[in-house]
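Labels run A, B, C and D following the written order; every chain starts at residue 1.
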Amino acid sequence: MPATCTDTEVMPQYSFTDDYSEGAHPLLMDALLRSNTTQQLTYGNDEYCAEAKRLIREKLQAGEEEVAIHFVPSGTSANLISITSCLRSYEAVLTVETGHIVSMEAGAIEATGHKTILVPGVRGKMTPENLENTVRQHKFFPHNAKPRLVYISNATELGTIYTKRELQALSAVCKSLNLLLFVDGARMGVALSAPANDLTPRDMVDLTDIFWIGGTKMGALLGEAIVVRNHLAEDFVFHLKQHGALLAKARIMGAQFAELFRENLYFDLATHANEMAQRISAHFEQLGYQLAAPTETNQVFIALPMGLITRLQERFRFYIWKPVDEETAIIRLVTSWATDSLEVDKFNAWVKQWSV
Amino acid sequence: MPATCTDTEVMPQYSFTDDYSEGAHPLLMDALLRSNTTQQLTYGNDEYCAEAKRLIREKLQAGEEEVAIHFVPSGTSANLISITSCLRSYEAVLTVETGHIVSMEAGAIEATGHKTILVPGVRGKMTPENLENTVRQHKFFPHNAKPRLVYISNATELGTIYTKRELQALSAVCKSLNLLLFVDGARMGVALSAPANDLTPRDMVDLTDIFWIGGTKMGALLGEAIVVRNHLAEDFVFHLKQHGALLAKARIMGAQFAELFRENLYFDLATHANEMAQRISAHFEQLGYQLAAPTETNQVFIALPMGLITRLQERFRFYIWKPVDEETAIIRLVTSWATDSLEVDKFNAWVKQWSV
Amino acid sequence: MPATCTDTEVMPQYSFTDDYSEGAHPLLMDALLRSNTTQQLTYGNDEYCAEAKRLIREKLQAGEEEVAIHFVPSGTSANLISITSCLRSYEAVLTVETGHIVSMEAGAIEATGHKTILVPGVRGKMTPENLENTVRQHKFFPHNAKPRLVYISNATELGTIYTKRELQALSAVCKSLNLLLFVDGARMGVALSAPANDLTPRDMVDLTDIFWIGGTKMGALLGEAIVVRNHLAEDFVFHLKQHGALLAKARIMGAQFAELFRENLYFDLATHANEMAQRISAHFEQLGYQLAAPTETNQVFIALPMGLITRLQERFRFYIWKPVDEETAIIRLVTSWATDSLEVDKFNAWVKQWSV
Amino acid sequence: MPATCTDTEVMPQYSFTDDYSEGAHPLLMDALLRSNTTQQLTYGNDEYCAEAKRLIREKLQAGEEEVAIHFVPSGTSANLISITSCLRSYEAVLTVETGHIVSMEAGAIEATGHKTILVPGVRGKMTPENLENTVRQHKFFPHNAKPRLVYISNATELGTIYTKRELQALSAVCKSLNLLLFVDGARMGVALSAPANDLTPRDMVDLTDIFWIGGTKMGALLGEAIVVRNHLAEDFVFHLKQHGALLAKARIMGAQFAELFRENLYFDLATHANEMAQRISAHFEQLGYQLAAPTETNQVFIALPMGLITRLQERFRFYIWKPVDEETAIIRLVTSWATDSLEVDKFNAWVKQWSV
């Protein structure tokens, strides 16, 4: 991925770069304003966090005796705390090589002392077969680090999703190999709202040991909710504190998550994001372009001629994902809860205009 | 400190427990609303962070060629990242035993691999003499860890402040001993706004190597600004990322800090906090009570009979800091930017009513 | 402690600096020679390690179902591996401030991520009262790191030993506070062989959770034997490997420990060390000098006039432990399994000659 | 690799399992005996370490102003200490996937906080092209960990060696990419003594930043010598101490290394190991078997029918490296300084007898 997006500058173009270029959904801002002046207990002991936890548990159909919920300020925090909280120092994490923790978090997992072991991925997903093969090769103990936790993302970094069947199969293999299953849910919303999805929120509780529900990429200013089975949750809050993730005013995450899960806002916003991606994707296909991957959630990967890419860049921002050859490259377009459908229409019109 | 404040419950009493029981100052909420819908670059490369950095630098009278500025979501993040960014793995931190990192951050510094060496404190402050003695005793290398960074807080955990003379002397000893000087500025605002203060913001740049300016305790929803001399700042952003402190929407910290430092809001709010503490403190003295420590900033430590404490607890929340004997205890009262002067008056009236 | 002993030079003087200035006891060298040419399994799976473990277990009267035994090359390895193997990342170690891990191991414990919490010591020992007080003050969770393991040394760094009564009381407090008890046994030999000792090897198993038996200071070229209760021993060997302490030719530690524990050699050598210290100590007292501490094991701490110290340094090496005033200092004399009784006699004669 | 060699049992067969199944070369045992009774300074400040360092520097033709030398007890210690001493916490290691640190050291590198990034290897070696490609893909900072140190082994884990040309090219690429080059020399002896080798000891100094010379696999009881360029060597001894690798009686490593490097013993022993491997290898080829890899040093990889493997196992121990198909597997035979040429002859005879 190029580093071309990291300079500070005015952005005249509309951005399809990521799903966190805007602030928070207006309803969340309202919630923050409403709750702003009350005095509250701190470090997550406030009423808003309590309400948010209750509402999330309702959506998950999971009681307090089953899971604990903790809010953290960032996805990297959610990943590193979830992982290190489950592992002894010599235990390792299994992940596909496109996993976010492999190359997008500056070695945060290793910084907590844990090795990551790569498993060959299939369209961004881990398969039971590849997992089993990797673990089987990795048994010359104690010379090998001990595999103990499987990291997957849903939706994956390539925008694909796990079907219920796939997650059940993976979960079963994990149990048989005595491995914990952990899901990075930075994009859990778009995954569970995808047209092809057949997983319920409750399935996440049943089929995994620990997972998190992303707020930052689904309309919150910040915040991710870690959901952890109680047998792994003892003393969890120490891990938060030790890694700087126990916010004094955790209430601001509580207030936002309560709003997202009071009704169906979280999934409504996700559905919008998915629809916007579909509209872009369908239009490309209609014009005869080849998708580099099926558009299952809010990410569109498409191979375009360099000439068209340059034209699009005049009005829009996005990543050039990977060069294909001298004349073609795959670009990535990300939509979100905030994506303006008018801008999508403009984008599609612009594509049409500059396509031969 | 008792753990009595950690249960979730309705708070009928007015709280003097800490300076982070409310949300954000209204002007900061306005700034968040104004900036909410614009698309921005992420991970701190946005316009709001840029503006905030510019404004903070103006207040510090320090150019880009002198210091770098980074925003992190919590005080623990600020401390652990600042410290680990400066040290090689075998280097240790010197701190007084009341230092926040010693017993209030769940071993976060040690979790990054660094030892903390205790120096006897004087009213929460480190003195050049005690520092020098400790370092001198600690030289049986390599059996001793190597002392390398001095951690102090201003204001301290006991509410006291460093005078210019004291900080100059400490800074000089650090230089002579080849030690870095780091200031935890969670309460920098009340320190530099204290009646007895003679330090300027620029002095912080001149006399230290790295320090941070607390937002959470001075009216922000969250956020602390680390100010680091350029020679120590190379690759600093890797440390942020690796510890989960590089927020995708860092803009929310930028927008708030810009507001705090555009005019004099940061120090105005601090002055209010200090005045409220003075009012409580002066009233106690007027009634003949003995302060356990002079009230230099926004914390009042006072020894009271248990009977009065119980009465006060009916209407107010605060920490019982330390028992003195069977019948007396020291309580801590903390005021803040948000403290309602009417509640202070009520508190003082209540004190008077129940004093014999 | 002065760093004056760290330069490379010829040593014309006889050394009472420490108990590891010589190589190995001749019987251990013989054992190494005898075992040298046989092919053996590696990484501790050899016959010599197996025999040594069997012999140590006999001496401890502890079966395989009770304790596991592992050999490591150094005392620092033994301490850091024992401690980190028992703890979760946010758990902390309690130790008196004279504990070896506090200031003599370059921050090795903290480098594994764990905080050390200081407990006031009494003549180098931890008392149940001071332990309990410290733990009680340390409960503002999760802001405080969680105390979980108590580190003590027997003999202590000051040469003192724990009586059975003292260790029982400490063990009982640990159990009641849910703390693990760990004993650094670098000088376990001289402790259990001391005239005042009433602890048996079996008591160490009964009263602690994990401890180690020092070889380096009791006649081995290198090697310490960690004895760990089985409930804490799962996967222990991973910790050895991960910290570089799983020697390919662990056989050399096995061969030496088998020799030390086949008959009573380990304790015979310790008794010799203690007797040599007694002889020095008694002679000083006879001449009217004041011991700085009772000589319970193989370390003599004595306050001497600087003039006499200078004379002694002409012929002998030892640490000047601590200045008392301008004219007096406390020196430390350490005897060992290798101490030549003729040199002790010469030392005593030299003391007498130069005493007024 | 199968775990079939890890149980404790009598070994009736002759072992070609590894190069550390015996004790030490007799000349090294003599050196230990000769030096055993003298009193010496400790922690590496003794005369034997001083002599060994002088002799190694002579062989390297490198002065004290160029390189520092430190002895550590194990290969894992040598790797983890060398790597962590060079890196800041967010910096990562590049290695081919067959590198010893990847899967044979229980995650020891990650336990020091550093990520390992895999580079596709070519017969166990890193190529400049693959290194450059990997680094180029790894630049989305600070989301990617920062590549900083290249780890290679010579001889490699597959028994291959680097030519001077290859190492020069790799060294040049490292310099151009601002990467440090580190060589794991557990089998440096057989590499530099290989028939195809054209590297001199001095080349190791010129072309790398840090490397180590293996003692354990070349006739020592234990011990590896880390050679580090002075600009990276400051405070190196702290790293030794902090990781439990600073032995009190470091003299035993000094005495052995002095013996290995006084004349040409180190390379003579290596030459013997290589010759024994050649004899086995040549005989297989003569009989028409297919080597799985050319035998460049002391490791023979050969594909054999399962029937023959079973027969060989009656008299000899070795690893079954990898199954090829139902009827064939690749085995690994390792020779060493201690390999008895009569046993090699017996092995060859046995192979011949049971080959159809």
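Please note the rule applied: contacts are C-beta pairs under 8 Å (C-beta built on N, C-alpha and C of every residue); 3 or more make two chains touch, one makes a residue touch a chain.
Source: prediction; values computed, not measured.
Of the two chain pairs examined here, A-C and A-D, it is A-D that is joined by more C-beta pairs in contact.
The greatest centre-to-centre distance from subunit B, using averaged C-alpha positions, is reached by D. In this assembly, the C-alpha centroid of subunit A lies 34 Å from the C-alpha centroid of subunit B.
In terms of their C-alpha centroids, the spacing between subunit A and subunit C amounts to 51 Å.
Averaged C-alpha coordinates put the centre of subunit A at 42 Å from the centre of subunit D. Residues of subunit A in contact with at least two other chains: 89-90, 105-107, 111-113, 141-143, 145-146, 238, 241-242, 246. Per the touch definition, subunit A reaches subunit C in the complex via residues 84, 88-90, 112-113, 141-143, 145-146, 235, 237-242, 246. Interface residues of subunit D facing subunit A in the complex, by the touch rule stated above, are 1-3, 89-90, 92, 103-107, 110-116, 118, 138-146. Within the complex, the subunit A residues that touch subunit B are 5-11, 14-15, 17-18, 20-24, 26, 29, 32-33, 35-43, 45-47, 49-50, 72-78, 80-81, 105-108, 111, 216-217, 221-222, 238, 241-249, 251-252, 338.
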